[in-house]
């Protein structure tokens, strides 16, 4: 693995797992109404984190540009999830904000 | 994250990164001819590992069935990569065989 | 493109687009409570359809096994979406049931 | 499906199938040495086309930014594949250049 990418790839995959878990858990919550944005952003964030990780591991010329977009979605998702007190939301928020930071550095 | 899945999800994403890195590195090797199967299996293995990880994190009913197929491809890819002495192949082989074992347990 | 796969690949990608559209549209519906299973299955169905299409186009040995699992999820998603009268659900249901049939034939 | 996206989603999925088919076929060609860039770009192009299609169907705010990156990779892949006379390369080149144009319009 290319060393410069290792940390960001790990952050992306960790974030993807947290987002998938959060989306599926949100869909089981009693108060579903307030989880709309959380579910919507979780799904997008998980998919984009996986793609960004793939492109970094492939050492693609497009990796940095993808990380820039990924950082934005991670930031949005992390802020939205942070509003909710469920464990899955709090864990997801933390993973997203950490990944947003890693992706911003990668994109710079 | 559902605890029973955590180890297998991590193994899948670690394997996906190793396979992507191996595929891209194989494509730069001098002796490309002998890397055909390696590149072919790396690409499939990385994609299926990502999907299996996603379905586990989503707690999907289909997760176990996907892990069973993933275990097969990981095993094949791990054996093929193990034939080559490049660092990226050896690291990939190790990640694949570890993931094959984790997926087999999950599928059981 | 390998001719035997062409129809099923098209059905899978058409179904993936219908499922993504349905999931995003469900998340905006007034009566969100009744859309839980629809959103959950849409997300899984879209991802698995994309992977199955990829593995068919790659002419992978695992394509048939993936199509078998894909057929099951498409069938479930098609039946669930068919219960709802929104246009996006009805269109998604039709795409899913068509794809389920195509995947069953491919898996046979 | 949101009408403005329909054509570009179809172009992306058609391109993904052509790229996967081309990558797998290139790996079986006798003269593998000259297919390095083709295989490398096919793999990236297929993955990014699938993600862009997903984000359009989800009506994501990030869809346009992804289409801009996708247009670049499609253009590169279409030009590279166009250098080779194999049917799979020529078909892939056509699909890529068509998708590049659709993604550029979407991103604008």
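To keep things simple, chains are lettered A, B, C and D as they appear, and every chain counts its residues starting from 1.
Keep this in mind: a residue touches a chain if its C-beta (ideal position, glycine included) is under 8 Å from a C-beta of that chain, and two chains touch if they have at least 3 such contacts.
Source: prediction; values computed, not measured.
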Tell me which of C-D, A-D or B-C has the interface of A-B again, with more than half the contact pairs shared?
C-D
Averaged-CA centre spacing for the pair chain D and chain C, given as whole angstrom
22
Averaging C-alpha coordinates per chain, one finds the centres of chain A and chain C separated by a number of Å equal to 24
Scan chain B for residues touching two or more other chains and write them down.
23-24, 40, 43, 54, 58
Assign the assembly's chain-to-chain touch graph to one of these shapes: line, ring, star, complete, other.
complete
Within their complex, chain D touches chain C through residues 1-2, 9, 13, 16-18, 20-21, 23-24, 46, 50, 53-54, 57-59, 91
Help me check something: in the complex, which residues belonging to chain B touch chain C?
40, 43-44, 47-48, 51, 54-55, 58, 60, 62, 65-66, 69, 72-73
Going by the contact rule set out above, which residues of chain B touch chain D in the complex?
23-24, 27-28, 32-33, 36, 39-40, 43
